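Look for chain A in each of the two complexes below; its partner is chain B in the first and chain C in the second.
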Partner chain A sequence: MPTRINIGPVHPSTHGVLRLVADVEGDTITNLEPHIGFLHRGVEKLVETRMYMQSPPYMEKLDYVAPLAMDDAYVATVEAALGIEVKERAMYVRLIQLELQRIASHLFFTGALCNDMGLMFTMFMWCFEDRDRVLDLLAQTTGQRMFYVSMRLGGVTLDLPPDFADNCNEFLDYMEKRLGAYENFMEKNPVFMERMKGVGVLTSQEAKDLGVTGPVLRASGVPYDVRKAKPYYVYDKLHFEVQTDNRGDNLARYRVRIMEIRESARLIREALRQIPEGDAKGMPVKLIGPAAKNRTVTVSRECPRGEAMMYMVADPQKPYRLSIRSPNFVNLSALPHMAKGHRLGDLFAIMGTLDLVMACVDR
Partner chain B sequence: MIDSLIIYSVLSPIASWWQAWTGSGSVLLYSAAIIIYAIAVMIMISIFAYIFGWVERKVIAKIHHRHGPTYVGKYGILQNLADIIKLLAKENITPANSDRLLVKLAPILLLAIPTFLILLLPLSQSLQATNLGLGLLIIFVIIAFLPLAVFIAGFATGNKFADISAQRSVLMLVSYELPMVIVVAAIALAAGSFNLASIISAQAGFTYFAIAMPIGLFVFFVAMLAEMERPPFDLREADSELIAGWLTDFSGPYYAIALFIDYTKVFLGSLLIAMLFLGGWLGPVLPGVVWLILKAFIIALFVIIIRAATVRMRIDRILRFGWTWLLPLSLLNLILVYILFAI
Partner chain C sequence: MSDEIDHDSPEFLNARREMDLLVAGSVSEKQAKPNVVFAKFADLIKSMPPTKDAVRWSRKNSLWPLQFGLACCAIELMDFGAARVDAERKGYLLFRATPRQCDVMLVAGWVTKSMVPEIKRLYEQMAEPRYVIAFGECATCGGPWWESYNIVRGIDQVLPVDVYVAGCPPRPENLFAALIKLQNKLGGEIEDR
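So, the complex of A and B:
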């Protein structure tokens, strides 16, 4: 006779307000059911009542660990609907900002994962120290540390400052060194490896069937990355590898993210070398913008947590309808499948490797 | 008649010690002596717990690249006092579906066991409540009740997380108790006695058992970490899994007691390791009890650093680790000690 326990919505490691109803026999999970909606704000409806460029602040609060990624997805959707071309230099600036954001987000993941596994705050504090340096860099190019609202139609608010390339390269050198130290710290710990290897395995077929995206999908051996599959901005001009791992377990999901930090660093270095001179400034925010050219558009973006897709039905002055495909929502739906049969302690390790942000799940 | 009763009781060594010291044999005086000694030891435990609590916060903060407590008192030394006062001032909530008697008794039982054990330990050549011939055996008999007390506390609150914590407690008992006792047997073999004072005097002249049996030290230290509910074996109060395990529904003063129990257990574990492996009170210049507590504190520092360096083990892995690593290692240690000391 299994015991039914209620985990959350207030629990130390549910990453926000997620409620899990778990049936456990002793310590083993026999059934798991996520209950969501505690953070539902009705963003999709709210957007319908706002002018196009009034909505980016709402979009940033979807994924508060990587706000710029969601901001970019929304602004790109609006640009597609209004038929606005992005300036060449602005593309590079956006790419650099997005990759910096990816590094920050994956650092957050690494720290939070160790927290979920019982290493209280050591890794978390170290990763936050480095993430802080990324936020400083982002503050130099966007003016803000956390919620940027820096994307404008056709460009960005602020161009890169003159000493940005040096600061950025210096940080990336530092980051690569630190990353090696972190890998040593975690992967040479037999307890850590024991809890990562072979836990929460998602085969590539299962991953495809469940519709997971991003690092979770790539860790199951499917080399799908929107940056390569449907290149946007200048991703097709730059060189990077899609990081995959065939094991599909916790370790693979963690490894893929660590490798992606390295790839992002490579992308930023290359983009900083290639960035053309010119103007990156976007259009100023006006309540009355240009009228929409395309009635319906769908834009997908590779966010740190997976593929975010935005479908918009455009009206002349504001969106008629916006639908957001949240990568977190789909990844969360794979959790019951992955956690079944595992120990209660592993449930949180698996959830940690999914890297959920509940604000994005509930929208 | 009273004299014969005392002789057959556990307290006979205290009686003889008191008699030798004062030259009188009154029962009232024995009791008074024991009570005074117990109060002194309680004060010592409290001071250790307080300083350990502060050092733990500071050391972990340094590892985290934080500052730790800074505002309350110099270097935040009074922060723990402020926390205790806050907890004592809070309301004690007993959940409706809990066993009211057991909820009140379990923390007391949990505090009583390690405190009683520290009372039984000889703190220096002269500072000891009792000199039991089978002291080592009695200590490890009583220590086995600790996880059972956690089990009682877990089931008493009626919380489901506490239930899981209680189950884990018993599972862990099965995995580390046996290797620990086998190491203790090796120590008794090496010292030729179960008496703690003779075990320590057998280590005189820097022939510490830590040097003679490093494998035994490793096994015993790991088992003690599990006994103390310290990471990576803090499965009973796994904060990221079970919220706080058996502590989930404890609040106010009872939670303060639970924190105190935690530190008392660390003190007990460190004292035991210092006595059995590091020569206890043996050391030059300083008085014996200072050496003992110094050694205990160094061991406690290792406990803190391990907390900041490793993730939590999983329950089935602990069982496997206990039976496939600790048990064979402890047996190997026993054989080596037999070859080294007995032949």
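So, the complex of A and C:
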């Protein structure tokens, strides 16, 4: 007879308000049930009552660790629905901002993961210090610290400032050195490695069946990245490699993210070299946009947590319907499969490597 | 323990004088001898006449927040505890996971109807005296979600709030300002609750 244990909804390691009900035999999880909905506020319904460009602030709050990624996904959907072309320089500016956001998000992941694993505070402090530097860079280009709302139809709010390239390159040089220190600290720690290696294995077949995306999928050895598979902006003009790992365990998921920080740095450097002169300003926010009635579009974007997809039925003034495929929701659904057969203590390590944002799950 | 203290010993009188000065504010925390403040603090509090002031002083300078994040503002809350802002230098100590060890609850994020019973329960588990900071627009008034069908428009409909912080999300520095406001309140500059 298994014992039933309640975890959450307020638990420091659940990254938001997630309730888990675990059946355990001794210390081993036999069944796990996530209960969600504690942050549900009906975004999809609210968007239907707003003009097109009133909605980006709502979209940013879906994934508050990487707000720009969701903002971009939404604005790209509106652009596709209204048939608006993005200016070439704006594509580069967006790409640079998105990749900076990816670095910030993965740094957050690393700090939070180490907190969950009990490597309290050293990594957390390091990662947040470096994340603050990324936020400073983003503040230089967007004017905001956390919620940027910097995407406009056809472009961005603010162009890159004149000294941005130097600041950015300086940061990236620093970050690459810093990553070495991170790896040294974590991968030489026997406790960390013990809880990472071979724990929470997700085989590539299971990963495909469950529909997980992003670093979780790539860590199971499937080289699927929306940036390569369906290139948007100028990702097809720049050089980067899709980072994969065949092991599928916690360590692989962490390694993939650390390697992605390096790839993002490479992308930003290349984009800063290639960025053309010109205008990057988007259209001013017009509340009423012309749109073909009943036009449906689907746009997918590679967010730091996986593939975000938005399906929109457009109306002249407002979206008639917006449906969001949240990467976190699907990744969370893989948790019971991964946690089964592991010890209760490892559950939080596995959940940490999934890098969940509950606001995106509940919507 | 208090029976063992010799109330007339020069050691005790000296410590008491120091403590009085410290509470009155004429001696800064740096100048005070550390052994007086830290080693015998429990005994001092029990046996000294200006108990109210001493308790108030210590309460003000060791606020333990509850590690409880709801949504976006929790990210700035984490930044508040991290290296750049460094909340600990003002006595805002470790974020604790259990409400029973905490003095301050930071409601960081939007409050949904399904979350209200849980928040109430956490608040009730905290020991008196307890304080609530409504951090961000959502906890203050519902913020951008004011039209939503599942949102409580402000945590003050459920709990008594001491300090409101504006912003979406507020910068960590704003939270620092809120903390200093709360400390002033505890220090008696604004009337005690």
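Assorted remarks:
The rule is simple: the second predicted complex is superposed on the first by the 360 of 363 C-alpha atoms of A that agree within 3 Å, B and C clash if a C-alpha of one lies under 4 Å from a C-alpha of the other, contacts with A are read in each partner's own complex, and residues count from 1 in each chain.
Going forward, a residue touches a chain if its C-beta (ideal position, glycine included) is under 8 Å from a C-beta of that chain, and two chains touch if they have at least 3 such contacts.
Here the structure is a predicted model, which means the values were calculated and not measured.
In the superposed model, A:D346 makes contact with chain B only, not with chain C. Look at A:L39: by the touch rule set out above, it reaches chain C but stays clear of chain B. In the superposition on chain A, contact of A:P9 is made with chain C only, not with chain B. By the touch criterion stated above, A:P57 is placed in contact with chain C alone, chain B being left untouched.
In the superposition on chain A, A:E79 makes contact with neither chain B nor chain C. Contacts of A:M146 after superposition on the shared chain: chain C is touched, whereas chain B is not. Applying the stated contact rule after C-alpha superposition, one finds that A:E307 touches neither chain B nor chain C.
Shared-chain residue A:N189: touches chain B; no touch with chain C. Once the two complexes are overlaid on the shared chain, A:E129 sits against chain B and chain C alike.
Common to the chain B-facing and chain C-facing surfaces of chain A are residues 11-12, 125-126, 129. By the touch rule above, chain B contacts chain A in their complex via residues 60, 63-66, 160-161, 163-164, 167-168, 231-232, 234-235, 238-243, 307-317. Per the touch definition, chain A reaches chain C in the complex via residues 9-12, 16-17, 37-42, 45-46, 49, 57-58, 61, 64-65, 108, 124-126, 128-129, 131-132, 145-147, 358-359.
The touching residues of chain A, when paired with chain B in their complex, are 3, 5-6, 11-13, 24, 26-27, 114-122, 125-126, 129, 189, 191-192, 194-195, 343-348. Considering their complex, residues 67-72, 74-76, 78-79, 82-84, 97, 109-110, 112, 114-115, 118, 122, 144-145, 147-151, 168-169, 171 of chain C touch chain A.
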